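The following block contains the structure, expressed as structure tokens.
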């Protein structure tokens, strides 16, 4: 889990939306002195992801619960495996329960979904996109990496990616846009150009970008593009985007592309089932 | 879209995670004076949800884009339908594009997923849960309501729900817990009791809660429970939770329960496909 | 004291307004190493309220003071009773003193004022309103409940209350407004209708709201209203608002209303006198 | 109304506590297109205070209401006088109503309470204290000044005030504390010393502070102190604190003190009655 | 280091700008369990300033590093002197390193620059100004005081300073402006008047301000001004501003002025050289 | 000026530190209705930088001032040139004056300092570092780029830089560290290795990083290193850091290095002189 202040803000917001008006049931039903232990348990096969968030929830809520991790991010477990344990005031356990589970179910869901897809990649680099849940950019990307795929750029500020819209906004088209960019970009920052056809590819290759993105190319189009790229003075990395499916991965690998990028790693990952079991036989006045 | 400050905080966080280091490509590739218009377009059949968030993104980013809604939340559209239009500085359109689409794809995804499920409910009330994405509580619940289902409580503070963990934390079990709660809860606040068996149901009915939740009861168990409930001095509303499927709805309706609650409305809703088309033939110095 | 993030924000704001430019006297007059203990003492008869806020002030200020509660919220004490003790760096005690006392004096003030009023209620439910100090909603409502009265809704989001302004904004008056509301409100959320006369009451009763609020009805008007309500197919709870005085409570009880709501619990509660006594004979290098 | 960011934070918090879960009634009962005008009206004699806060509430809520002030802070009005008008979406008027009124009722309450006390001061300077509502420091002090009294220091950072606790924390008592302070305080910053008896007064005068505070001195003690002060090489300002009543002001003025400080200006000021009247005959599609 | 919430906000912002996207190198190159100790070392002669900020960085980042100060603010050290030590997870040390050093280098830079200038003041009070780095007001002023100069007002809210622009904004010039101010300013708040010539000085003296600021007066002009001031009924403090140099201080002292104010203490202070040495021979699993 | 939320937070903090207690002089000396225009004027030769921050200050303060830019970032101007104009309420102009100037003086100071250094680079890439003012990362880096130098990485999250401390933290030294990093870094992210000697260089070259940083190498050492680098299978970019001076640039260029990095661009840049001239002959009731 990356130690970014942005993640803490999301945790804080999650607590606020659930606790802005307090936890009325906990305050009514449970005495302030009552203490419990609780286990967080996988209810299905899943790739564990997000265990550190448990402590972050406890910390942001200013709770005094003791947290013990019983598994590790990236491990594949089956149902009934214990992922972590909590111990402390029962009111705090119950107030934090839903928030903790909601985080773990999404994070492990993305990691599990990614792991399943990756199994067919066999060496082809699989990249995520910026199609992450608003507020969840770093967490979703962390889950993707735990699942075994790789991170594309994290934000609009850490890598140049010249897309169709940038090209079309320039009166001299792709050449005009790339002249602007290549002449003044920060020298170490990688840059990528998205191309829609062989003409744009030819121009892009002249500027020697770090990566070429073939956008929605069919396999035959990719074959032609790879030949043009091979003939370029400096071979960029080649990424294919659009229409990526598990079934197509073998063909893409064979075509010699370096990477594919796939939004569905984060847009179509269902939550996995994780629950909390509170053990109230433990009691300390 | 509810006018809550919490939603604005999520929008603000979403912008921050994408723009903390600026939009390096937009600043390099597009001149500050360049202007465009853009259309937000559905790419598949979907239930529109979240159009107001477009203005909120523009506002939180302090952008000067003009936003025009071209559809309405709750409407079912097919692919290629225009949902909204933007006009203004191209840099701002490109900097906001991904954030706006990420919001709309999730919100319309939940609304569409809910609408599909609701079609089989035929009058049975379908409720969401607190299994929403952390940071997204109000938005997810809004999308559920746009999809046609109903909102259960919004947070831990607006309704009492005595669950198994509250009961087990009490040395005198369900009777002890309900005595604490019923005697001191805010008088107008609704309260619900989750029961696991007929014994707990019998005790719960003595306390005349607003709602009884039958937790993971099979259909035959529900039948028995409904008889006991019918014999109670004051009939509470009856909610069934756990194991809800589209196929089971007819049977539940026939058994006379008032409502079902289903976490998958928000935990298993895939994003729908919505994209932005920038029209750069529009140009104003 | 409810564990809401909103309360922590108020505590944080209170510290900021006093300490934005530092504590110049403490830094000049007292050495960083000097340590003291201090007692927080009631200076008059009062109902204790808000002891938890002491720790919250210390925590939000990132101070290292040890806090020991010596009383309990809700207890009625006389002058000179010790409510809590602090121990640690003298600079921190002096920097936190005024903020802590300002919180306790208001909170105990509202609790004491409420307790005094409640003594005449003899079983009639006394409710607060949303006429709380801006920023203090949860704290003021907590103090009212510590004083012995009950909480009406906490915010605009946790209960429906159709007021005159909602009715007048509808072209078909009360019937139009109630049709809108009753058909689409969240199913478990309680709802209340404020009526100004017998005609509005008659319409409201048709819709079977959870609560009817008789707004500024004289006692004879209430008598007539109670008869109409008794004849309704489903008897709602009845709340009287406007012109509530201690003297009128017996008559209202006799008329059979369920509850009264009174803004003055929070708008007319003077602070009570609580002070801090620093004991500097305790000294540790 | 001071233009401080701290005031905006309080306004923001006030909106959040009321609107965190949205305004459920307004959204259900009133259509998004409905528009109204509204008048804010005094319901009793009062000193107007806080009109600027109306715009701040509208602005922080990102509402599009037009606000027109119809009175001025500091003016004394009678019941039924219109203080301000609002116009725009009815939902926004109703969502902002309670927050606006809660601010105005407190601020005008403090101003009115202060004005009443000040009427007996006849030239004696009356000062407030730091016994303001947590979160309300600048607003309470603004209201005191609108009421006609003067502001003592605003916070712990803008003036030195050596109090008993600072003195007692010093192993060499008042002389030790004043040596520390007088030698190193920022040169332009005013400084005040609180004394409990003639001995402390004698030492304090040696250090030539800006102000001497006579803490809980009876009138005869003040007379003796004034003689000692008159004999000092440099006469400081003299403030009396503790036991200030309206009846005692004439005697204190006669004794020649410069100022009195009184916490009750902010701790015992009841809210005044101000309400909003929505006029829905105005309607624009 | 003042305990102001504003300083904590700057520390938090500093961490956010460096860590918003995480510390990718630390996470890749160093294992989560690796631990180190580190020494913060002066690399040149300097006046130490800001040691407390080390703990604040650690605290705001929620790191678990142990911090030990090995020097004291205000001490003059030479190269290779150890200022502080850190111990704990290596990842945290490396993630905090640059932020800590950036703070210390600026703060010690201002303190050292001030100390050098102060050496020529020989009793003349040297004041800073509000020309501090945005976001750094309290820190820059703290560093100036550690360097040996004095703080002028901290903000626009803690002292009145009537400047040329205020005077020119008044239709009756300086007399009009001073009448407004002197009649209604908070009674204890010090006030200063900036004058540009003998005529303005004459008017200002009538109003008996706490301080007169001679703005850009040559030495001969100051001599004349001092005579006029000496003849005034009450001698204010005299501050000279504009064109202050180390060489001119002796002459100004001799002219009898009380203080000079100099923006360059904070606008022209270069950072000093301080570095961190990580000792990785310390290792604990 | 980058459109990052982090910059807005710094602007907001800058306003808060100056205005937390309001602008007491402006409120006393100037009527609320008084209006002025003002020019922001260069007082020396400088490279203009930061004009957009003027609008940001006005916006964050919620002021209604009209801002007109009269120059452009990057332009070199001489004294007396007008950079921008403001018009609106005089109180707002005076309240914003110091904050605006403090921003412009630092930003233009860094840009001017950079431009002066760059003049000797003649094609050699000059890079900044992360030695920026805490809170000012994006602004300092923007000013460096306006001055004509290039930006190294922006934060710990957008590029891998393996430094000595990372190497020393690894039990197998540089080879161990680079194996960890090169095997799992995000595929497009550039990575750099800092080497202290020829042995480390030899190992680093095996891993084919994007950039090699020669840390504190003398010119002869650089010559040897360049030969080893030329013989490597893939030539990385070469950056020299430590001991960079204007005089040494020609030699470094001749040695064939690609870039130098220099902390002093941001650590030793004095503010430049810019002031505001308020024109009060403009007056509108």
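Residue numbering begins at 1 within each chain, and the chains themselves are lettered A, B, C, D, E and F in the order written.
As a working rule, a residue touches a chain if its C-beta (ideal position, glycine included) is under 8 Å from a C-beta of that chain, and two chains touch if they have at least 3 such contacts.
Just so it is clear, the structure is predicted and the values come from calculations on it, not from any experiment.
A centroid comparison over C-alpha atoms places D as the chain most distant from chain A. Distance between chain centres (mean CA atoms), chain D to chain F: 44 Å. Mean C-alpha position of chain B lies 51 Å from that of chain E.
Taking each chain's centre as the mean of its C-alpha atoms, chain D lies 31 Å from chain E.
Residue positions 2, 4, 6, 16-17, 19-23, 95, 138, 154-155, 157-159, 186, 189 of chain B are each in touch with at least two other chains. If you draw each protein chain as a dot and join the dots that touch, every dot ends up joined to every other dot.
Residues 16-17, 20-21 of chain A are the ones touching chain D in the complex.
Every residue of chain D that touches chain E in the complex is listed here, in rising order: 2, 4, 125, 127, 150-154, 157-159, 186-190, 192, 210-211, 237, 258-259. On chain F, the positions that touch chain B within their shared complex are 2-6, 8, 59, 138, 154-155, 158.
If you check the complex, the residues on chain B that touch chain F are 12, 15-16, 19-23, 27, 61-62, 95.
Partner chain D is touched in their complex by these residues of chain C: 6, 9-11, 13-14, 16-26, 28-30, 34, 36, 90, 94-95, 97-99, 101-103, 105-106, 130-138, 155-163, 165-166, 168-170, 177, 180-181, 184-186, 189, 267-268, 270-271, 278, 280.
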